[in-house]
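Presented below are the structures under discussion, each in the form of structure tokens.
In the two assemblies presented below, subunit A is common to both, partnered first by subunit B and then by subunit C.
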Partner chain A sequence: MNLHKPDITQIVSPFLLFFIINATQIGEGLLSFEREIADIAGYDAWITTIISGLLTTVVIVIIWKIITDEQTDWITIHHSIFGKIIGNCLTILFGLYALLVSIIVLISYIEIIQIWFFPDMSIVLFLSLLFILVLYICLGGFRIVVGFAFFSFFITSFLAVFKYKGFVDGNFSNIFPLFNTPIQDIIRALEPMSFSFLGIELILIYAPFIKRFKSGLKWAIGGNLLSSFTYLMSAIIIFMYYNEQQIQTISWPTLQLMKVINLPIVERFEYLGISLHFIAIIATSCLYFWSSIQCFQRITPFKLRTIGIIFALIGVFSVYFINNFLIIDLVSHLISRIGLIVLFAYIPLLFIIKKVIEGVKSKNAKN
Partner chain B sequence: MIRRKNPKQPQKTVNTLDELMEIMKASDDFNHHTFGNTNNIELFYYESLINPEKVDVNLLGKLKETNVDQLNILKNLLPFSESEITSDLNDIEEKLLTGFLALKLKNNDEQALLLPAKFEVERQVDQPEIEFSVLGPKIAFIEDLNTNINLIRKRLKLPQLHTKSFQSGKITKTNISVVYIDGIANQENVDTVIQRITAIEYDQIMDSSFIGQMIADNSQSPFPQLMDTERPDRVCSALVEGKVAIVVDGSPHVLIAPTSLVEFFASYEDYFLTWPIASAFRIIRICAVIFSVLITPMYVAVLTYHYHIVPGDLLGTLVSSRKDIPFAPIIEVLILELSIELLREAGARLPTKIGQTIGIVGGIVIGTAAVEAGLTSNVLLILVALAALASFTTPIYRIGNTIRLIRFPFIIFAQLWGIVGIIIGLMFLVTHLIRLTSLGRPFLTPLYPPRWKDLKDAIIRLPFHLQGERPTITSPRDKNRINLSRTSNKHGKRK
Partner chain C sequence: MQKIRLIPLVLSFILLVGCIQTKVLDDIELIMAIGYDWNADNKTYTGTAIAPIFGASEDNADMGKNVQYTGEAKTFQEINARIQTQAPFTIEVGNLADILFGEALAKEGVSDILEGINEDPSIGRDLNLAVVSGNAEDLLKNAPILELTLSRFIEKLIKNNNKNNIPRMNLHDFNYRLAGEGMDPFLPIIQYSNTSVDIIGLALMKHDQFVDQLPIDQFFIFSLLYEDSKDHTYEFYWDEEKQAVSIGSIYSKHSIDWKSDNEVEIQVAIYGTLAESNQIGMQSATEKQRLEQAVSKDLEQKGKELTKFLQQLDIDPLMIGDSASNHFRDWDKEEWKKQYPKITITPNIDFNLEFSNIKKRPGQRSNY
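Let's look at the complex of A and B:
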């Protein structure tokens, strides 16, 4: 088996999983998921956040069941289950998916910056600079990527505090009556919601980089629960503040809410909020970008650096294809769909296949 | 480190004592006398290196009257304590060049008697000027290696305090001592320092900062990765924490490694104050640095793009102070920032007394005149002056330079993309800091990788009884500062 032993200086402590998971999940989704889930499930949509939080926790546990060895990652598992050719094809597909996520996350945030700050900004120049930053982070190795995610966690926590405004000004009775929506609508809302929970599938790639990986389960679950809690609180606060019709007309409810905040020297807090939230976006994008180049580096003879630069160029030029709101929305929904399949179908399936193969092998060994 | 492909030896090799003397005689301050009844004793020395009192009647008189034909007898005759007879040419050359007298007999072409007569031109041990503190010891290192090590040893009377000596610099042959406490310092750090110092290839080592730049992990970074200090107490404290000190002859600054970013914002005076006060001052210092870096970029960003951010009343003040200014905010900021740098640079190059005048002329006269002439706004003048002031609060001079430099990229980012640009700049800075290492150990500890225990002496300084363990950045071999089991027992009894 093609085991992967990363450089000792790139290995990070298991408790950092808490921050990694949180940073990968919280990104652009946090700003707009309320609108999308409320569209399907109305004011009971907050129940969806709880359900998806629980489901993703189950997925995390399954991932810990799949990875039995400290040095196993997705690539090794693909090899051992599907053989070299099909396994590599699956890895490439996943690598491309991760690259697509890292690009779309950046581009859709640039859209927000265009709308809020600079309507006539040159996207190519800006995106080039961002990819230089992403490369600077990712080529430093996993430890640097995690370091960035670690700091982004504190920024998002700082920003989360400012949702208090919705709580203070909102109306609690807005979310009543409870369970007014049919249960299948709540389940259907899982699809847009899962976009905000994407990120845990990356554990399969960076597992060898975690010291004492087995002991990291509690931290990973903790990180996931914190994100679910953040989404839950955010959803409740937004539903308290806006009414059901209004929320559909607002693209980014959280940013609208930040507008209301008045600080002694900051009148329009959303300007600071958008800028600071950018750090969380870059952290998410970097983790995906790193996973993508790691996938390709493991199955091709090229160096991390070469792949990184090529992918960054792809990222910059992709702006010519993903260039308007409709396409961004389309790709986001596509990613949301793929992510849903990866999380809730592919990973459990992988687990079952692995168990079956192991069972067959041990049976053969007995015979 | 500069590596030449074909290193050329500056001197040709010498084989005999006479050849050596011939080379040295080319300098006019090299003296040569002949003594003895039969004129068979020759005395050589550099006039500029020896103490004239030693070459007095006592020595010369005795030499004139003697009639010896062996160096041994001469050695016993002369009242010098560390005299020696040697035939090693390198030794003779080195000793002559550090203030020894050489005596040689005409009939003996191989051996020479070396007598110490060093003339010490060193300034007195003085008060620290850069890292001055109101409280605490007022003594600073000077340019002499042995005095500096003496100052360290006076505080650490330990046989475990080891010094390892090296020579570096092809021409200057500067003495360097690596100082550490055996049993506390991690041997890996000591070995890294020694290995990097011995690998240095350069012709001149004039100061410890040469070494500091040559052995830094990333020499492209504007951040200093080794701390230099002129305070013996700071060095000793670092040694006790398990760090390694590098003392360089001819330099009043001692290098400490490994180090981390937060240590650059810790004044040593913090340890002389009670912990709540020290912590408060440290937080103020860190806030001052953040303010210093970000305030003028924020001014550019807000006034160029995001005037909505500013509350109405404040916007009124800003607008009225800027209404006559003919420049865009970025030009205004650059002019003012550069003139502050100009003032600082001029003040640093001039003698103290004129420097004060420059401060008054530059700061007050030019500042007021610039505002009255309508070239800059009052508000910006206040902000720039405050930012400059804040950058001087850093206890270590070197990091102050860095802080003044890194605000310029931020100003440019602010002009390009406003606050978003500043945040992008900040992300580049944070990434750079995460990537930096000092002797292979992360520069941003204890913040990242998070070492919760080390936070007790990072942004705040907790009281001494809570500082039971040495910081983990050095991976000290002996972790405990105090006997932790005993302390916990004591606290247990009090309950």
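Let's look at the complex of A and C:
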């Protein structure tokens, strides 16, 4: 089996999984997921956040069951299960998916910047600058990427505190009567919700980079539970602050909530909020971008640097295809759907296939 | 080699500077209040914007002065474009503090113009809305020079009255009630005279249309039934003693109790003081109880009249429909609309006198 042993200078402690998972999950989705889940499941949609938190925890446990050896990652598993050609194809598909996520996260952030700050800003120029930053972080190695994720955790926590305003001004009775939505709708809302929980599938890529990977399970689950808690609180606060009809008219409920916060030094808090959210966006995008180039680097003879530069160029030029808000919406929905399949169908399936193959092998070994 | 590497860096700094339109505070016209009026003849809105004059020179330091622009068009952005044709600097609406609606526009419906305001990302949500009795344009152009600039004056006037007279209704709250079901918004009505700008009443809206108004003496009962209020005062005429008593409410708590699907009770508990009572002795528990009961009964009567009045107008600023939708699982908005004028709303008001003021009635001794 083609094992991957990363350089010792790139390996990080297992407790950092807590920050990595939190940073990958909390990104652009935090600004708008409430509207999307409320569209399907009404004001019982907060139950969906709990359900998806629990389901993703199960997926994390499955990932820990899949990776039995410290040096295995997704690529080696694909090789061992599907053979070289099909395995590589699947890896390439996953690499492209990760690249698409990293691009769409940046582009949808730029959309907000354009609407709020600079409508006349050149999107290509800004995207190039962002990709130079992303490339710089990713080529610096996994430790730098994790460092950024660590940093992003504190920024998102700081911003989450400012949702208190919704708690103060809102009507708690908005979420009553409880369980008034059919259970199918609550389940269907998992699809838009899973966009906000994406990120745990990347563990399969960076597993070899975690020291004593097996002991990291509790940190990974902790990180996931913290993001579910953040989403739950966020959903309840936003549901308190807006009523069910109003929320559908608002693109970014969180940003509109920040509009009401008046501090003595900042009259309109959302400007600060959007700017600080930059860190969270970059952290998410970097982890995906890094995973994408890692996938390709493992199966092709090219260097990380070459692949990185090529992908960054693809990222910059993708703006000519993803050039308006409708396409951004479409791609986001596509990613949610792919993510849902990867998390809740592909990873459990991989686990089952792996178990079956191992069972067959051990049976043959006995005979 | 090092130098060659530096060149793109330096170049990028130079080239990036001019990318985006800058907004220098001295070169923009900071619009702080906009008033809208409706022209029924050609179905357009007239927008009047005022911007404070920030002393171009020290002599011109009269802070109350402002400059006015008007534009006439069918949409919010187009009005801004028309206003721009009169203004020497780029107009910016990011610091808007008040939006005023003329009476005619309020009667016609404000939701179209609000739609445009909500779409503009640079406008905040914590700004004050008000209906102007008469024309908004007249108020903004002719109001007297006050101690603050007119926009700040109206902002402070409404914000401070929100504390102890009228419930708060900022742009977010207004949007909330406009979009939601089982609720209707309301707005303060302001009027100008030769000497001042005052709040004269509360405009009750049916969806987005101004239908009727509440006078100042109804503010107290309205606040009681609408929210948990604080620090309000109420003048109560005590029939039995033939005199007026001023009641101060320190705070009040309100809750909506559904007895059945067409019977609702608004429970209000007021904890208050006797603010002006030099004619009444308040020496024994029975006297205290008598006053408490008299006030409660009087307020219940007033409350009943108010809810009847609102039901007759078929509007729901007290958000009783919203409460019903949170209480009943099978709430249906069409059915509710038919049902609302017929339901029984009973205000159940309980006044608790926490303390009286320090003065005692001359010649009377304590009974304790």
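To be clear about the criterion, the second predicted complex is superposed on the first by the 367 of 367 C-alpha atoms of A that agree within 3 Å, B and C clash if a C-alpha of one lies under 4 Å from a C-alpha of the other, contacts with A are read in each partner's own complex, and residues count from 1 in each chain.
We adopt the following convention: a contact is a pair of C-beta atoms (placed from the backbone, for glycine too) under 8 Å apart; a residue touches a chain by one contact, two chains touch by 3 or more.
Only a predicted model underlies this, so the values are computations on that prediction, with no experimental measurement involved.
Student: Who touches more of subunit A, subunit B or subunit C?
Tutor: Of subunit B and subunit C, B contacts more residues of subunit A.
Student: So in the superposed three-chain picture, is A:N180 touching just subunit B, just subunit C, both, or none of them (first/second/both/neither)?
Tutor: second
Student: So, does A:Q256 touch the first partner subunit B, the second partner subunit C, both, or neither?
Tutor: In the superposition, A:Q256 contacts subunit C only.
Student: Taking the superposition as given, does A:Q245 touch the first partner, subunit B, the second, subunit C, both, or neither?
Tutor: Second partner only.
Student: With the two structures laid over each other on chain A, which partner does A:I322 touch: subunit B (first), subunit C (second), both, or neither?
Tutor: So A:I322 meets neither subunit B nor subunit C here.
Student: Contact-wise, after the overlay, does A:G140 reach subunit B, subunit C, both or neither (first, second, both, neither)?
Tutor: first
Student: Taking the superposition on A as described, I'd like to know which of subunit B and subunit C A:L304 touches: first, second, both or neither.
Tutor: Neither partner.
Student: Classify the contacts of A:I115 with the two partner chains as first (subunit B alone), second (subunit C alone), both, or neither.
Tutor: After superposition on chain A, A:I115 lies in contact with subunit C alone.
Student: Now for A:I62: first (subunit B), second (subunit C), both, or neither, which partner does it touch?
Tutor: neither
Student: Quick one: is A:I51 in contact with subunit B, with subunit C, with both, or with neither? Answer first, second, both or neither.
Tutor: The answer is neither, since A:I51 touches no partner chain.
Student: With the touch criterion stated at the top, can you tell me which subunit A residues are shared between the subunit B interface and the subunit C interface?
Tutor: 118, 121, 262, 267-268
Student: Can you list the residues on subunit C that touch subunit A in the complex?
Tutor: Touch residues, subunit C against subunit A: 16, 19-21, 94-95, 121-122, 124-126, 170, 172, 175-176, 179-181, 322-323, 326-329.
Student: Within the complex, which stretch of subunit A touches subunit C?
Tutor: Those in contact with subunit C are residues 115-116, 118, 120-122, 125, 169, 171, 173-174, 176-177, 180, 242-246, 249, 256, 259-260, 262, 267-268.
Student: Quick check on the complex: what are the subunit A residues that touch subunit B?
Tutor: Touching subunit B from subunit A are residues 12-13, 16, 113, 117-118, 121, 126, 129-130, 133, 136-137, 140, 143-144, 147-148, 150-151, 262, 264-268, 271-272, 274-276, 278-279, 282.
Student: Spell out the part of subunit B that touches subunit A in their complex, as residue ranges.
Tutor: Interface residues on the subunit B side: 305-306, 308-312, 314, 417-420, 422-424, 426-428, 430-432, 434-435, 444, 448-450.
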